[in-house]
Amino acid sequence: MSKVTSMRDAVAEVVHDGDVVAIEGFTHLICFAAGHEIIRQRKRDLTLARLTPDLIYDQMVAAGTARKLVFSWLGNPGVGGLHAIRRRVEDDDPAPLELEEYSHFGMVGRYTAGASNLPFFPLRSYFETDLPKANPLIRPIKSPYGDETVYAVPPLKPDVTVVHAQRADAEGNTQMWGLLGCQKEAAFAAKRVIVVVEELVDEAVIRADPNRTVIPGLIVDAVVVEPWGAHPSYVQGGYDRDNHFYRDWDAISREAASTQAWLDEWVYGVSGRAEYIEKLGPERLASLRPSGAAPSGSVDYGIYR
Amino acid sequence: MSEPRPAERSAPETQAFTKSEMMIVAAARELAGQRVCFVGVGLPNIAVNLARLTVAPSLELVYESGAFGAKPARLPLSIGDPTIVTGATAAVSMFELFSFYLQGGLVDVGFLGAAQIDRFGNINSTVIGDYDHPRTRLPGSGGACEIAINARQVFVIMRQSKRSFVDRIDFRTSPGNLGGAETAARIRREEGWLGRGPSVVVTDLGIYHFDDSGEMRLDSIHPGATLDQVRETIGWEPRVAVSLAVTPAPTVEELRLIREQLDPDGAYRK
Amino acid sequence: MSKVTSMRDAVAEVVHDGDVVAIEGFTHLICFAAGHEIIRQRKRDLTLARLTPDLIYDQMVAAGTARKLVFSWLGNPGVGGLHAIRRRVEDDDPAPLELEEYSHFGMVGRYTAGASNLPFFPLRSYFETDLPKANPLIRPIKSPYGDETVYAVPPLKPDVTVVHAQRADAEGNTQMWGLLGCQKEAAFAAKRVIVVVEELVDEAVIRADPNRTVIPGLIVDAVVVEPWGAHPSYVQGGYDRDNHFYRDWDAISREAASTQAWLDEWVYGVSGRAEYIEKLGPERLASLRPSGAAPSGSVDYGIYR
Amino acid sequence: MSEPRPAERSAPETQAFTKSEMMIVAAARELAGQRVCFVGVGLPNIAVNLARLTVAPSLELVYESGAFGAKPARLPLSIGDPTIVTGATAAVSMFELFSFYLQGGLVDVGFLGAAQIDRFGNINSTVIGDYDHPRTRLPGSGGACEIAINARQVFVIMRQSKRSFVDRIDFRTSPGNLGGAETAARIRREEGWLGRGPSVVVTDLGIYHFDDSGEMRLDSIHPGATLDQVRETIGWEPRVAVSLAVTPAPTVEELRLIREQLDPDGAYRK
């Protein structure tokens, strides 16, 4: 059964006001297209979960979609801070933003516990730090073997996880390569999953390489085909990270007014990703293409009758 | 102990260089002989890549984003970048990277930057001011908390200033030598940490290691820097090695690699 | 640095009397070649860990290498019991064999805890069963969130893990496809690792597809190139499971004498895997080849300079 | 209630069939409407594959060995076999399979065999006799323990005999309805089990479901079987449905699939 739909319909049907939403992807495969559609549909009171809120959550926070962030690293990697988020955290401008903070491994553990239906996930972190004081959900747990105590984090089960990937079939069987982040765990942990892909492929393409499958269609609610849907994030083998935009955002987002102007032009002012990409222009896109191919090579699974 | 004189500091044949370049070069050299290094965002990223091209050709780079044995063809702005995957030995999930590589004890050096550090190498990268009403909201831990605990040793690279080298950090994100070496050793043992804690801090003015009390000690001062500058940019009276060395200036080759290959846009070396 | 060595040298140097040894692989990629070399070298007092002891541990137990099994399923899949092991367990014939028993997920959790340096691994199993009574190392653990209690298993850190795979480079960077079992976890959990491969490949082959790498050379001590080293187990894309042998073993192993005769002929009587394969004969080998190729296809990682 | 007469049991056009064939067919039919089934070794393997070819074409097969959405081109002897991977939707690690698929609650039906079962569907696949000095050492849990707890429901397929359908099992490997439905429901709720426990037991003589008390009830008897045979092969007085049905005999197509496609060597159907 095909689950292919438009980004507009997917977001309208799958994302609800007040949801816990995770648009995951560690620098790679961050679905800006879904974030922008959530902004356009003026979703409200979302709790946004991500290891690295990155520009997409800065934009979603600036647009007023969120009341809370669950995260582990709040920055523009290699550039600086996230100014829209900082305005809300440091100055309550225009409203306070609730923060629930972990470390990277803590967030990974939370998704893993969520995906595994475990009541907690244990890890060797947080010892002798102020993090358990800042977040009382980080709790010590004693090993049943010997005296050792480690820390636990609670499961995170988003209402919606959005995953961007290189390809999926119409049922949502999804393959990705390059940095895998914790998309698998975040998807299995979620109640509902939207998969957004660069390319829709035949089921036979997926079944030709079952070890490459990261997310089974079984847990997918909607499949959206949205080429360049990760820009300014990137897609291994597809297009490069648009570092210029990451740097530009630092200036754009320093003032509320310029931030809103950018949202007006690039989010509210376009009907969807296709128009956004057209607006970026062919030269910008061309500059982001890899300089050559790096093929994985093929392996043989063999036919066994 | 007398101040090293500027004339002694750099060989006559070396080119002019910036303080950042000296810092990056000094940090890279400290990686000689190391095997597996966990690469943080920013200055660690360039220092580690320079080390791979110079003193530590067999250094395996681990990016918390999930790449192992990366051979980046360019210096990535972010620690997540397609160039760290193409041609890497392995690209794995973050669960696997943090569980098996880091917590499993395979990382020799965790390389961190920081907003604040104290004399015992405890690090703050979370907030300036009160946690609930921060004056400055910083990025937070990322992986820094578990790196400090699980990497066999921790290298720190950061610029000195009274705001960053402080008597008391506002928030402890990554534990260093806690209140001193003895307590830290006992707690690490009792709590089963794999890490021995911080072993080197490289700044724009010099190189620090940690003495028996667990406190930072200036062991080498960079050419052009003075002890006065060092004292003016530290929030406590720093310990200085009896036989204070002068860091050898960057070589022509090190500078060439930084300027032409690693940082052609000059993002790090200014 | 090349770690390529012979099976004889790898086993002589890496496996010691009294070791905890895990030759993993869930039906797929079971390294019979390593097990046979351990028998030939008359290693003693081993603790053998595996989810499914399978024929290889039945043979190793029959040959007197082991004093203890750590396992979760003790059978010849689809055929019946493991008779050499049962003789020792049911009749102490010729000597008792210590058993430490979990479920599959418990064993997977044990390796995962071992690989992750965790003091325990939590799971939702064992409730209201007799397993925690039979094995007091299976212990309840209370969640620090709410009242829930789940079960914990302790870490398993083998002295040696042996992994069979399709290919590796000389440093031990190893790729496999098909059923992955828990080889990754068992290898990361181990103090020492032997990788046995069908094919030694250039580093460039590995680096062309980094997502396919299951075990990094970093944790590998020896690389052995041993085509057909998994027979009668199988290699996806390489050769089929020799189900005839699995059925034959049921008769061979029913008596101690016939078991020893088989060991004399097929293990002690050959110098190594090459001779074993020669003895099997080209017809048998040909019958195990897949009936055709099922290529995975290639994906593009892209060049980014 | 009268014994169903042999003449009524099978349509005249059906071929002769073995008890094993009837059992496999009856088990396969019970899977109609199910979505995700966890496949155990042995009889479950053939029953589930028959269901996929007949009543449940969209059934997704999960093998504990790590294959999801398998479309085996032949019936594998073992649940680990290259044919379950080639052409599957996904091949994953056992960690992922047990953590995310099974424990995560995605498996609708866990399909188990057993050595001993009691009236409440509690299962022993570990030992006959004392655990420490067993008369017969059986394979043990494998995944059966966690399947019984985490699969939404459990189907059991096994041949009846006084040795296997017993008043008291020697070892509880997989929990069923414990001492009865009420206790079992309370414990499942309190301990947060996802599974509702056993829902059907298919034998060579008939089909059982579980009544409100949590006890097995014979709802359908296979053609050719008698209630006497049923009673002679159960270690307790079995409950029998008031309106006992007769299992429809295998169809020509079902038999053809079993004999020609799934089990040409006759390993399961004898």
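As written, the chains take the letters A, B, C and D, and residue 1 is the first residue of each chain.
Keep this in mind: contacts are C-beta pairs under 8 Å (C-beta built on N, C-alpha and C of every residue); 3 or more make two chains touch, one makes a residue touch a chain.
What you are looking at is a predicted structure, and each value in this text was computed from that prediction instead of being measured.
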Chain located farthest away, centre of chain D as origin (C-alpha)
B
The pair out of A-D and A-B sharing more C-beta contacts is A-B
Whole-Å distance, chain B centre to chain C centre, using C-alpha means?
41
Could you please state the distance in Å, as a whole number, between where the Cα atoms of chain A are centred and where those of chain B are centred?
29
Roughly how far is chain B from chain D, going centre to centre by Cα mean, in whole Å?
59
Please output the residue numbers of chain C that touch at least 2 other chains, ranges allowed.
112, 117-119, 123-124, 148, 177-178, 180, 184-185, 208, 211, 236-237, 240, 290, 294, 301-305
Multi-chain contacts only, two chains or more: what residues does chain B have there?
67, 81-82, 85-87, 91-92, 99, 103, 150, 192, 194
Line, ring, star, complete or other: which describes how these chains touch one another?
other
Could you run through all the chain pairs that touch each other?
A-B, A-C, A-D, B-C, C-D
Give every residue of chain A touching chain D within the complex, in rising order.
112, 115-119, 173, 184-185, 188, 206-208, 210-211, 213, 216-219, 301-305
In the complex, chain C residues that touch chain A
117-124, 137, 139-141, 143-146, 148, 150, 152, 154, 166, 175, 177-178, 180, 205, 208-209, 211-212, 236-238, 240, 290-305
Contact set on chain D toward chain A in their complex:
36, 60, 67-69, 71, 73-74, 81-83, 85-92, 96, 99-100, 103-106, 150, 192, 194
For the complex, which residues does chain C have touching chain D?
26-28, 51-52, 71-75, 77-79, 81, 85-86, 89-90, 101-106, 108, 112, 123-131, 133-134, 148-149, 177-182, 184-185, 234, 236-237, 240-241, 243, 246, 290, 294
Chain D to chain C touching residues, read off their complex
41-42, 45, 64-67, 76-82, 85-87, 91-95, 98-99, 102-103, 126, 131, 134-146, 149-150, 171-175, 178, 187, 191-194, 267
